[in-house]
Structures are given as structure tokens and as C-alpha cells.
């Protein structure tokens, strides 16, 4: 169970309502995921998190689907079930196919495997990649 | 210092030489990164890791640059300095611009932030995403 | 489901009963959380963990609430749901307000974000902070 | 070596200079840590990270030293050497004694130990803490 | 809920059936754990993961039980509930006693504690262990 | 650089000297690793950590080499360079061969890979492993 209550639309302060309205406008639907309702207990933190998500995930030098793939990959490494579930849905909404999903998982698995093996061997960065002393 | 010695070309067994040759052919240059030279102490593990990297990172439903971005993102979450350094170079070789690099970092930072906040609040997956009971 | 059975009061050996008595005396109530009941399958490990918790979390140069905030923060980083749930309750019992809770979460989120960005950029420790060579 | 160059004062764009000025004003000294100089390659990300640090770490329901202790604790869990080094210095500047430092480390060690033991035992949250069904 | 459907025996393609048959033959029973059924949505990834598990976990310089203990320990550090549950069962099938289980947990707890304390203190590797310069 | 000074033998208080003497007696040589010298700034924490290491790593239902393998595996997952370096040396002193070392690394790599893939797929624990409702 969440450690703070979910704030419903009726209980939302004007500050919170403004964020919920912007989430709905940005999504193009009526959904307010529970993470936002629980965060709404701290309206300033809610507003800052939403602003961050909106700004960071919009199209830029990377397209939105690529950004979702990176987001899901990190959420897997951090074992955040809620984020994996919700952002996989977001990735699908942005066009991710099952083949792209399992390919991303294969990369996450490979990187995790190689990260640990390299760390376990304590390999140091090659001379050719270090700055000249 | 690495916990096993780097195997140079002269000391490489035929099994190891075959892997080094394939790495060079695949890269299109002469570079054998130190991770492969240290792994060469266990030729079977070297061969399996190289095969995995080659198969997983080739073009598929995801293009190679997207795969490198995911690989680097996971390596950051796992604090693997060697992998971050070498795979960022690989990503650049596959076309990653500085803008794409910092956008990927912004997503990694955002996801790490939101993962921890959601976990700290113990938000449960919304009813609308759970299977009907 | 837990991988070892919960040991109830009736089944507790004298060694385990002594630990349960001390937990109750220290808490000032009758509660034995399930973690202790499951750990009781290894009485020596139970005793050592309880001793550690009691010694480490008592007032010192840091007050108990500050210690709980640090404990919860680490539990979030380690994705330990049980510890987040139980130690947030402990923090509330030691005076943590909702405002303190969400401020702590904001710091955990910020640190996680900055940790990953700094690691991704591979920033080295500034010259001014390194010892003179 | 950092993956992007450090931007010095002379090369700083007006947007970056504004952030550097605010860092100096907030710190009350002339220091610009290298993390900011490297982040300056992406002025928008620099500005957002600085704003976040400044807003989140200011006094509130939690005092600044408590916030630094939480920040360092998370940085330890995330193995971020740069952040541990710089934020321990910040904590000392905010009054942290060696005794407070080692007590915080003892809590971080205890929480990490208990998190893993609880997760390994797969202890489920006690009935008394779950909502009535 | 899993993000891809479980593939049952009737729906399995020849490629998938071959893997399921090999799992059953290797286990010596009829069980196909759900991880394999979900992975079966990507037959190539399923085949590669199964091959890896079979090759890596077989007897070698380390016996199978020791390998399971290491596997479970890493799964605890990575907070993978599914892997902790299934591989603890595998470890028990390979002879792990409750005493061995709790001793392994004690080591995992100790290492996690010491890792964090050492990292927090930023202890550098002793001179005696570094290569002569 | 370590965040607290190393305490040398001459500066050691009686409490610290007692711990250093016990370390030497247990090791059977004169070595005091720097982790103990830095921890010596907090004699109570030093004594508790040493006691824990000594008690947990002694022979029991698991032999000392198996315990070191688990300890190193966890240290790899936690990216603790100091612990990986020192405990690999300890493992070698307890009989670990290079073949055992690379087999342990292969298991750590496999587990990390499978943990992330399973978490990414959000596979739930099979019905057959859950308690009857």
C-alpha cells in the first residue's frame, strides 16, 4: 500500500489541479496514473516531477520512443516495478513492437552481464583511451 | 590492476586467436580492447561473451545506435566505468552526437529519480493496469 | 512467501525468546515484526541482527529520527519493500511528519539523478580535492 | 577522463555564466566544481540540475545537514565516488562531525545488511501493516 | 502481470518445443517455469538464455550447489524476487540445507554492509596490492 | 583519498590495538589492511565490523572458500573495488584457482543477465510455488 493517500480530483488543490490538467492535455486522455495522485500530497514536488518528465521525454536529438526504451532499461536496472509497467505501456503507445521490446531486454541483459564480468576482473581502461600524461 | 593478466597476440591459443580475429573483422580495425585480453584467460567464457555481444548488438528491430544508448544507460546504472567509457566511444562511432549523449543522460537521471521516488512512496500499480480478477 | 517459516512465541527456543523479550522491551510494545520471526530459524543470526539494529539506531551524535531517515533512504536505493514499509512506520513513530518524508524523498530522488549524471559524464574528482602529489 | 570537456569561465555562454554566478552566490565562494563545468556542455541540463540542487537542499522541514547526510547515504548506495567526496565536504561545511559521519556510515551499513537479509528470506509485509481487504 | 503472454505447450513453435524438451530432459521432470514460457515469445532469446543457464551452471571447477549459492546471492543484491524464489528451490534440490542457506545470507549481509562502509570511507587500495610503478 | 586518516600502530588506542592484534592473530601474518586503519577512527565500529567478519567468514555449514566466493560475488554486484581486490586475494589464499574464479564470474554474469530479463518481463512467481490460498 502506498505510504501516502491518493488525492482524487475532488480533493485536489488549485496547484494540484493545474498539474493534473496539464498531464491530461499532454497525454491526450483522461488518465492520471496513481504516482501523480500520491505525489500530490506534496504539490511542489508533484509539479517539479511532472515538469521534469514532460521536458525530458519530449522529442529532441532523440525521439520519444528511444527515450522510453532508455527509461525502461534504467527502471529494470533499478528494479522499479511501477515504472517498468507504466513506461512499457508508454513505449507501446509510442510504437514499440514486441520485437523491439525483447531486443531492448537482450541488450539490458547483455550489458548487466558484461558490466559485472568486467568489474569482477577489475579491468582498467586501456592506455589508448586515457589522456596523454 | 586487473585480477588476471592480459593475453597478448603472441600468447594467444588458437581458440583465443580465432576470437581476436573475429573481433577485428567485425570492428573493421585492429583494436582488441583489454576486456577481451583479460577474458582470454578463460577461452570458453571469452568466446561466449564475444558471441553474445556480436549477436545482441547487431541491427535488428532496433538500430545499433539505439542499442548502444541502452547499453550505456545500463552501464551507468551499474556504475561500470570501463563499459561507460568504451561503449560511449562505440556509440560515437555509430553516430551519437553530444546532444544525443546529454539527452540520454537526462533520461537516465530522470528515470533514476522517479524510480526512487515511486519506490519510496510504495505506489502500487493502478487498478486499470492489473488483469481482471 | 518467506523461504523459512515464521517462528511463533510458543515454538521459540530460550535463545530466541530472550531476543523477542528484548525487542518488546526496547519497542515498549508487544510487536514482533515478521522479519524477526523468520530470522529466528537461525538464532545466532537473529541475535546478531537485533543487537546491531539496537546499537546502531540508538541516540548518539545523530538523533534517532535522522538515523531512520538515512535507513529509509538506503532501503529505497536497495529496493527493499519490507524495510521501506516498516522503517517509515518507525520514522513516523519517532516524529517524522509528511513534509519531512517527502523532503527526504526529494533528496533521494535528486541524489539518484545526480549520481547517475555524474557517473555518465565520468567526471573526475577536482584537482582541488585531491591530495598534493 | 570526463566524456565532455570542462567549460571554463572564459568560454561560458551567457546562459552558463548566469548559472555559474548563481552557484558562486549561493556557495558564498568562488568555487565551481567540475561537475558543473562538464554539465555546461548542455546549458539547459546544467541550469535544471543546479536549480534542482538549490531548491531541494535548502532548509525546510529537514535542515540542510540532515539533507546532506541523506544525499551522501544514497551516493554510497549508488557507488558514486564524485558525489560521496564532494557532498561529504558539503556536509562538513554544514557542521557534520567525524562522529556523525561514522554514525551515518554505520546506519548505511546496517540498512544494506538488513535489506539484503530480508530480501533473501523473502519476508512478506506483516498482516498488521496491510490494508483491510 | 508479465508483459508478454506465457506460451503453453500447445502453442509452442518447433524451435520453442526443442528448448522446452531440453529443459525437461535436463531437469529430469516435467516442469517448465514461467520465465521460459514468457521468454518463448522471442525464441532466439529463449534458446540463448537456456543454453547459457545450462552451460554455466553445470559441474566444473565449482560444484553445482556452490554455483546456485552464488546465483542466489547475486539475485538478492539485484532484488530479483523471481530468481531468489526459483533458485533457492534449485539450491535445495542440489542439497542446500537451511543452515547453509542462512550462512549464505549472513555472508551476503556482511558483504553488503562492508561494501557500503568501505565505499563511504573512500578507502583506496593499499600500496602493497598495487603494481610497482 | 580516504575521508578519514589511516591510524598507524603507534597512534592506536588500546581498544584499537586489541582489534589489530586479533586481526594479525586470525590472519597469521602482520598485515593490517587499510580498511581497518581507516575504520579505527571509530573504535566501536571497527571492533564490531571485525567481529562480524571473523564470525561470519569462519568455517560452518559452508566452507571458507565458498563464503569468499559469495562475498566477492556480492562485492561485484555492489561495485566495491576495494572489496573485490582484497577478497579475491583472500579467496586465492583459501585455495581458489583461476578456473574457479572465472566460473564464479560466469555465474555472476549469468545471474545479473537473467535477473534483469526476468524483471524486465515482469514474470510473476509460478502458481506451483505459491502457498495455497
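The letters A, B, C, D, E and F name the chains in turn, as written, and every chain counts its residues from 1.
Everything that follows uses one rule, which is that a contact is a pair of C-beta atoms (placed from the backbone, for glycine too) under 8 Å apart; a residue touches a chain by one contact, two chains touch by 3 or more.
Just so it is clear, the model here is predicted, and its values are computed rather than measured.
Colleague: Indicate the lowest number of steps between subunit A and subunit D, counting one step per move to a touching chain.
Modeller: Contact-graph shortest path, subunit A to subunit D, evaluates to 1.
Colleague: Could you tell me which of A-D, E-F or A-C has an interface matching B-F, in the sense that over half of the contact pairs are shared by residue number?
Modeller: A-C
Colleague: Tell me the angle, as a multiple of 5 degrees, of the rotation that maps subunit A onto subunit E over the C-alpha atoms.
Modeller: Copies differ by a rotation of 120 degrees.
Colleague: Quick one: which chain's Cα centre is the longest way from subunit C's?
Modeller: Ranked by distance of C-alpha centres from subunit C, the top chain is B.
Colleague: Measuring centre to centre with CA averages, how many angstrom lie between subunit B and subunit C?
Modeller: Here subunit B and subunit C have centroids separated by 33 Å.
Colleague: Just how far, in Å, is the C-alpha centre of subunit F from the one of subunit D?
Modeller: Each chain's C-alpha centroid was found; their separation is 26 Å.
Colleague: Cα centroid separation between subunit A and subunit B, in whole Å?
Modeller: Subunit A and subunit B have C-alpha centres separated by 20 Å.
Colleague: Which positions in subunit B touch two or more other chains at once?
Modeller: Correct list: 1, 3-4, 45, 49, 52, 74, 76-81, 84-85, 99, 104-106, 108-110, 112-117, 119-122.
Colleague: Which category does the touching pattern between chains fall into here: line, ring, star, complete, or other?
Modeller: Basically all the chains touch each other, so complete.
Colleague: Report the residues of subunit F in contact with subunit E in the complex, numbered from low to high.
Modeller: 1-4, 31, 33-35, 38-39, 45, 49, 52-53, 56-57, 60-62, 66-67, 69-71, 73-78, 80-83, 85-86, 89, 97, 99-100, 103-104, 106-108, 110-126, 128-129
Colleague: Quick one: in the complex, what on subunit D touches subunit B?
Modeller: 3-4, 41-42, 45, 49, 74, 78-80
Colleague: Considering the complex alone, what residue numbers of subunit C touch subunit F?
Modeller: So the residues of subunit C touching subunit F come out as 1, 48, 52, 55, 130-131.
Colleague: Inside the complex, what are the residues of subunit B that reach subunit C?
Modeller: Checking each residue of subunit B against subunit C gives 72, 76-77, 79, 81, 84-85, 104-106, 108-110, 112-117, 119-122.
Colleague: Please output the residues of subunit B touching subunit D within their complex, sorted ascending.
Modeller: Interface residues on subunit B, with respect to subunit D: 79, 84-85, 88, 98-99, 101-102, 105-106, 109, 116.
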